[in-house]
Amino acid sequence: MSKGVCAVVGVGPGIGASLARRFAQDDYAVAMVSRSLSYSRKLEKELGPAARAYACDVMDPDEVQRTFAEIEKEMGAVDVLCYNAGSGVRGAFDEIDLAAFETSWKVNALGLVTSARAVLPGMRARGAGSIIVTSATAAYRGKVQTSAFAAAKAAQRSLAQSMARQLWPEGIHVALMNVDGIVDMPRARQAMSDKPDEFFINPEAIAATAASLHGQDRSGWSFEVEVRPFQEDW
Amino acid sequence: MSKGVCAVVGVGPGIGASLARRFAQDDYAVAMVSRSLSYSRKLEKELGPAARAYACDVMDPDEVQRTFAEIEKEMGAVDVLCYNAGSGVRGAFDEIDLAAFETSWKVNALGLVTSARAVLPGMRARGAGSIIVTSATAAYRGKVQTSAFAAAKAAQRSLAQSMARQLWPEGIHVALMNVDGIVDMPRARQAMSDKPDEFFINPEAIAATAASLHGQDRSGWSFEVEVRPFQEDW
Amino acid sequence: MSKGVCAVVGVGPGIGASLARRFAQDDYAVAMVSRSLSYSRKLEKELGPAARAYACDVMDPDEVQRTFAEIEKEMGAVDVLCYNAGSGVRGAFDEIDLAAFETSWKVNALGLVTSARAVLPGMRARGAGSIIVTSATAAYRGKVQTSAFAAAKAAQRSLAQSMARQLWPEGIHVALMNVDGIVDMPRARQAMSDKPDEFFINPEAIAATAASLHGQDRSGWSFEVEVRPFQEDW
Amino acid sequence: MSKGVCAVVGVGPGIGASLARRFAQDDYAVAMVSRSLSYSRKLEKELGPAARAYACDVMDPDEVQRTFAEIEKEMGAVDVLCYNAGSGVRGAFDEIDLAAFETSWKVNALGLVTSARAVLPGMRARGAGSIIVTSATAAYRGKVQTSAFAAAKAAQRSLAQSMARQLWPEGIHVALMNVDGIVDMPRARQAMSDKPDEFFINPEAIAATAASLHGQDRSGWSFEVEVRPFQEDW
């Protein structure tokens, strides 16, 4: 018996997969939304009939609207939205491609607005729900090489604050996870093969924090939570 | 069978009592440290033989050292330290009593240093442990009437950061709970009798956050976590 | 004899006009860049031959490039860029028009990138220059009604940080003025006719801060400076 | 003809000396307050009859009161208070001497309260005055080795905020200079003899910022201003 529906936006072999697995284990039906189905189709098989993959480009507001309408029709109203889409173009402000700069903003900020709007009527009808955003340390400061990514994450964090201030009093928990470290994924392991296991964040720890945020009593909610490996230098 | 020892510093009918109850329910032996025994003796009876009350003025470094030595001797090494002592003298900087100003600093900052030092050898020996500090929004900004309290809480937060940066790599989890709201206690209810239930933070929600922090996988620790009622204006 | 060229982007009867007047008084040739020429043509007459008005939509990267090429050709390389363009659409995240949301981002963030890129070769050639951005308290937190504006200002501030970290070591001073209050302008006075003079920020005080930032010795630069009326509640 | 009286608390061959020189050049009578007179006596000779040295231990509230009473009697009411006293004991929280920990707090926090209280009646009588505090990056975060210094600076910054929120509306400008870098002094030069000139902050640049803060129009005051060398990595 399902506890409800969790939609994860941005599903690849890292945080997205761990979020999907965790909410599936916690007896949620999981809608996996990602640009390409190549990875989420595999997860679908792993997670069984309670998980479904949806293809959607979050940069396109109409596509977002259509996808969530489909999710609601096929799976039911969304109880938990994990917004994990993120784009990581690197480069100094005088070098970055302006189209990639705009893409960063669209994926991190515009897509959050349109996805949250899509699930809002259902959450409002029940006076409950969680919207959990995957943020990063870049949201707090712009460095030379993060000019595009940090600006997009700063905009996203500001939006999440606006959303929290509006939706908390309606019983909808908007929260932000500041992932501060390198997530353990095959690609990261290859690039940093000299690092010990403890250097990386286990994406399951991030998913555990998301589940914990969703489970909080509304008498004491958190908005902003770091997820940082104990060995991290910060 | 006890899971270990939790010491709560600062025990009264609010956050401190809820922390003691929660860790007792989670099968920890609980040492309750407070200036006066008048309230903690009652809690002792409620919580049974696994809980013990200790009288200690945290402003006195020698007394802190003696008290924790006694706890360790009678109950065993401390696994979880909840530092919940706090002093709330109000007043503008040109009005506050200088002795009360110093007391605020001693209770919030000096007492944290001496308490954490007292439990450190045991935690270090096991390469594990949690030190969870009760903070407040005042730690982030000084207002006219919080000149003493906010300065003490700012110092405490800075200290907790220094401690976290030092102790996390040793496997000891230092974390800060930013309690942003009015805790549901008899005194607060009387003073704000016109407020609905939902206005107040249930101290059990704060204790749940402390338990959740203690239970985090060290691959993804949090340092700073807000606990704020969903109806709060922030 | 001109001290150099100051370009003000975003010129209307408030901060923009005061910036133009101040740098003109300080013997700079002033290029006034704004979407419409209706106001800047008047300022041109007031300020005399040292000031020139340029029409430019900062949302269009090509137009920005063309405009600054024209400025450089007609007036010389830009020594001081005051980026004062800002868009203030208000509304909760579930109500705002998505086009207006994107416009906010383009005017505040994209336009800063393209304008700064346009003046960069000249500043680099001299190893000197100032880029001064008009920010606002909204950059630091998203409120319900500032969902679009705050997100855009947060992105802009992050960008300015990335630019500062890159350009300061090259001798180019990037700085941010956090305007915290209501600027004294005819429209604001009408809307808040009950407020005393002291409630408003005199835009000349903002321009004085910009001039002061430009004049700082590079041995001790500031990045972020508030401009707030003494009676403001903060 | 003197423009007024400036009191500098904490006078040694770095920021304190530059503040004294700068306000003397700007035609202020300068009271130099420091624990020992050994350095300030030399400055007295350099600066001539408009500058006077006073010995005072800012940790002692009575001594602070007496010293400022003497200054007022001999020189007149203080128009500008530069609070530059600072103590820099280094060490992790489990190693620092508890007396040194308390000294850090007293010099940075308690001494600011008592010094500001001493000049307050005179400033209030005129509805004007400036209180400028020398802060540091440590005020914003505690690192392992700055456990005592950072906690003291965090408390000091919080206090300055409380003071600003109270005193700005009365016309008294409280501000904080965040000195982010190594000040150019003989001792620092010796310890870091491999660094180029540009690595250091010229203390005259800090004094220029203090003078600029004092000169701001109250329609647009700043509270917090960084002073950071252009080559600093931040």
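Labels for the chains are A, B, C and D, by order of writing; each one numbers its residues from 1.
In this section, contacts are C-beta pairs under 8 Å (C-beta built on N, C-alpha and C of every residue); 3 or more make two chains touch, one makes a residue touch a chain.
Model, not experiment: these values are computed from the prediction.
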Chain located farthest away, centre of chain D as origin (C-alpha): A
Pair sharing more residue contacts (C-beta pairs) when A-C is set against C-D: A-C
Mean-CA-position distance for chain D and chain C (Å): 32
In chain A, residues with contacts to at least two other chains: 165
All pairs of touching chains, each written as two labels joined by a dash: A-B, A-C, B-D, C-D
Chain D residues touching chain B - in the complex, by the definition given at the top: 61, 92-94, 98, 101-102, 105, 109-110, 113-114, 116-117, 120, 139, 141-144, 146-147, 150-163, 165-166
In the complex with chain D, residue positions of chain C that touch it: 165, 168-169, 171, 173, 198, 200-202, 204-206, 208-209, 212, 216-232, 234
